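What follows is chain A paired twice: with chain B in the first complex and chain C in the second.
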Partner chain A sequence: MIQGPSVDWIAIAPEVALIVGAFGLLLLATFARAYERGLSIVVGLGALAVSVAFSVAAWGNAPVVTMADAFRVDDLTELVRITVAIMAALVILLSVGWARFREHGSEFTALLLLVCAGMGVVAGSTSFVTLFVGLELFSLSLYVLCAFDGKSRASLEAGFKYLVLGTIGSIVLVYGAAFLYGATGSFMYGGVAASLAEGGSHDSIVTLGTALVLIGLLFKVGAMPFHMWVPDVYEGAPTQVTGFMAGATKLVAFVALARIVLEALPAVEHLWSPVLIIAAVVTIIGGNIAALVQTNVKRMIAWSSVGAAGYALIGIIVNGSDGLRGLVFYLAAYAFTAMGAFAVIAVFERDQVREKGYATLDGMRGWGFSRPFAAMAMVVFLLAFAGFPPTAGFIGKFVVSGTAVTHGYAYLAIIGAIGSVIGLGYYLRVILSMYDRSRKSDVGLPASPGLGGATLVILICLAVVLLGGIVPGILLDWSGQASAFLAVVK
Partner chain B sequence: MGIVVFFLAAAAAIATAVAVVAQRNPFVSALALLGNLVSLAVLMLLLEAQFVAIAQIIVYAGAVMVMFLFVIAYVGPRGEVGPGERKPWQVWLAILAGTLIAIEVIVVTYGATFEDWAEIDGNYGSPAAIGQELVTNYLLAFEVVSVILFMGAVAGVIFGTGGRPRRLSNDEVLAKETESAELRRREASRAVLDATRESMGEGS
Partner chain C sequence: MGVSLNFFLGLSAILFSVGLVGVLLRRSPLTILLSLEIMLNSVNLTLVAFSREVGGSDGQVFALIVMGIAAAEVVVGLGLVVAMTRREMVLDTDELRTLNG
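On to the complex of A and B.
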């Protein structure tokens, strides 16, 4: 009789709730086709709420390692779980009025729940094996969600491009993990770190493994020069899915990157630190310059999110407790900003659905007068992207840059500031276009179906972005508490 | 003996891998891939990984390849790449990048010194040992992979079915029946008309 490993069910309850929710929803929807949309909303939000409740209840507890040491539940895992689940709930709210949601609502919601479960697994991974299966679970589901708008060629193209390029990223990551396993004899982060600390004779293999793992992860976070999938995928995917990717996927990928370089590879910091510094510089400058010439607003924000990955990298490079706190805070705040901005674009697209209009700078001319609330919210989100007070984006960039200066990376802070100034150039173009008086129409747009959900999403994001900027204390404390579990502190 | 088999299988693996990308005919490519998978299985046998070798043949060479051939047969020649669609600089760039990676891997593995070989016992790589690992040390990964497979099935349903067949309401059924009855009536009258024309043509 084989003795299975002990399973701490409470610790993995959030993922179990999501997976059970996904399976249960598909089963229920089969027997109650007529109520599919309502069922999807209720079961989807219900499963997410249960998952969040378990995470909140475990917040602040001592870390738990379970399932043969393959999964670690600490406050960082909880923070990621909670943020991701809230993002998913916002996606469901944004999808309420979507025609495709009416046809395939149960599948869409089930896949979304599986994405969240996969992200939880990635956030709590303690070994390359757990990381990879979690990564594949959420990536594969996301590929499908990107291509979900089956009637739109752009959506299918986005899903396909994401599938091919994302798979290359995963393969490179696994290849690197295999080399590290060959050099250290362990898939566990702790085992790899211990073996590297002793010093081995396989230096060149360690170098190759580290390089490949870094490439794979930089691919996932969308940092230059591995960013090429970001603009096309963000532009083509259904807008609420784009918002989810910009927020949740980035957070999870960065937590995975931070866990690997700080928990598995601290002994070879001389290898990964210069790589990340160069990537950060190139990403901040390149992403922002490329965004400057875009005329499609979705694509513009995609490029700016490439630039945002550069700021987050600074948090990992600095690697002190302050740096990591800044990283976690910046990413969490960014998630809500991005989701809010894409929610506004979704509202715009719904207004234009008859003309098949895209959210181009030209198309948005004068739109701010027709939908004053959404446009005002967009202004706040864009200022948060650029790092203006009193938004959470300002605090995030401030903390990240400030720690860079105090830890001797002042040049990174300067580059970040230059990037922000470039960023202002294109964010202002969007604002000017929305409030272009020459195209002002006096006719208010009628409320279209499903906009209630979008308004709620915009309100929630607006509240988080503003509260995070005005009273950042609580959120900073939470981020600090979570990032304290990212092992090594210089 | 082992080293001879290794080089034979390695050469076959490389040759068939090149054939997969070099062949224009998708059928030949698929068959070359089959050869590639089998030669890899031989290499795995040499590494004492019996289970992986057999699983490779059953799952990939068996099930997956059959599905590939099925799809190729179904899609037919439409899937072929026309000569104009390949840009020469892309080919050269791909060859350059591939060569660079190959050189890197060779330099790294050649320069490495393997001093402390891992000791393995006879049970290593057997189905029993792998099964035990799956339900003990890698239980989480095992369970997550099962969810991934389920997710793949859901994705297949979404893209495979397109729109879901809708049950027609009574009115719609009635409308369809009237429409087809109308069609039948028109066809019958046309046939009568044609017959009349023919007979008139004969008469004149």
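On to the complex of A and C.
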């Protein structure tokens, strides 16, 4: 008789709620096709609310380790779960008026719930096995969500490209995990770290395994030189899914990266630290320069999100408790900024149905006068991307750069500042284009159906971005409390 | 122990390279999916080989999980290929240039 691992059901309740919600919704929608849209909204938001409620209730509790020690629920896991669930709720609100959602809302919502469950698993994993299972659960669902706009070739193309490149990333990661297993005899982060700390004779295998794990993770966070999927996927995917990926996927991938390098590989910091420093420098400069020449706004923000991955890498490199607090705060704030910006683009695309809905700089000319609220919100989000006060983006970049200076990585802070200046160049192009008087139309556009959801999403994101910039104390405290659970090497 | 660990690691490295070259050079989406499977199987071979070396069954269990996930991967991949065919997109990745730059 094989004994199964003991499972703490309360600890994994947020994921259970999401998975039950996903399959329950698919089942219900089969019997009530006529109510598919309403059912998707109610069950989707309901499952997310239950999940968030469980996470909030467990906030501040002592960490719980369950599933044969392979899954740890601490405040970092809770913070990721809550942020991701809020992002998913915003995606549902943005999709309300979408024709595709009316026909296939239950599939869309069920996949979204599965993505959230997978992300929760990744955030709490303390073993390469749970990491891989969670990673694939959310990645496979995301590939389908990217390709969900079945009428658009770009969407299918984005889904397929994401599938191929994302899978390569996962395979390289698990190949590296296999080598680390060969060298240390364990898949657990703790086991790997203990064995590496003792030191062994498998130096070449450890080096190879570490290199492959790092490459796989850099693929997932979208850092250069493994960023090539980001612009294509962000441009082709349905806009609300892009907003979700830019925020939630980045946050989760960075938490996974931080947990692995700090909990499994602290003994080989001399191997990963230089790699991450080079990746950060190349990513900040390269991402921002590439964004400079884009004419499609979705693609431009995709490149700028490549650059943002570079700033987040600084937080891991610095690796003191302030660096990690900065990392968590920066990524959480970035998630809301990106979701807000893509919500505005979604509003623009709905206004432009006849012009194929592409958000080009040229197409946006004068649009700011037709939709004053959305355009003003866009200005705030773009300034938050660039790191201007009084937005959360400013505080995030300030904390990350400040800790870089105090820990002797001043050159990284300087590179970051240069990247921000370059970034300002293309963000200003979008703003100038939106308020171009030469194509000003005096008539405001009529409210199109389903925009209520988008307005609500923009309002929520705007509130978080501004509050995070004006009164950052409480959000910084939460980020600090969550990041305290990452083992600090120095 | 008849065959040495290095033989398995060498074979899996060759399989991994074959798969990677296939993904990068072949044009048919179906062949690309096939190449991804070859890469996943090279990982499985590595896991099982190390599992024999280290002792215990962790590596073998992980290899089984990888197989299960690989199957799900192919289902999603083939689903996308079918959707692309229905949209009468040419099954040649050189033609997938709507998104480029």
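The working rule: the second predicted complex is superposed on the first by the 487 of 490 C-alpha atoms of A that agree within 3 Å, B and C clash if a C-alpha of one lies under 4 Å from a C-alpha of the other, contacts with A are read in each partner's own complex, and residues count from 1 in each chain.
Criterion: contacts are C-beta pairs under 8 Å (C-beta built on N, C-alpha and C of every residue); 3 or more make two chains touch, one makes a residue touch a chain.
Treat the numbers as computed from the prediction; the structure is a model and nothing was measured.
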Touched partner set for A:299, first chain B, second chain C, both or neither: second
Partner chain in contact with A:147 - chain B first, chain C second, else both or neither: both
Touching partner for A:186 - first (chain B), second (chain C), both, neither: second
Which of chain B and chain C A:479 touches, first, second, both or neither: neither
Which of chain B and chain C A:136 touches, first, second, both or neither: both
Touching partner for A:167 - first (chain B), second (chain C), both, neither: second
First (chain B), second (chain C), both or neither touched by A:232: second
Touching partner for A:204 - first (chain B), second (chain C), both, neither: first
Common interface residues of chain A - those touching chain B in one complex and chain C in the other: 129, 132-133, 136, 140, 143-144, 147, 150, 185
Of all residues in chain A, those that touch chain B in their complex: 2-5, 7, 19, 23, 26, 67-68, 70-71, 103-104, 107, 110-111, 114, 117-118, 121, 129-130, 132-134, 136-137, 140-141, 143-144, 147-148, 150, 185, 201-205, 207-208
Complex interface listing, chain B residues touching chain A: 104-105, 107-109, 111-116, 118, 132, 135-141, 144-145, 147-148, 150-152, 154-155, 157-159, 162-164
Chain A contact footprint on chain C (complex, rising order): 16, 20, 23, 29, 32, 36, 39-40, 42-43, 46-47, 49-50, 53-56, 58-59, 61-62, 65-66, 69, 72-73, 76-77, 79-81, 83-84, 87, 89, 96, 98-101
Of all residues in chain A, those that touch chain C in their complex: 128-129, 132-133, 136, 140, 143-144, 147, 150, 153-154, 156-161, 163-164, 167-168, 171, 174-175, 178-179, 181-182, 185-187, 231-232, 235-236, 294, 299
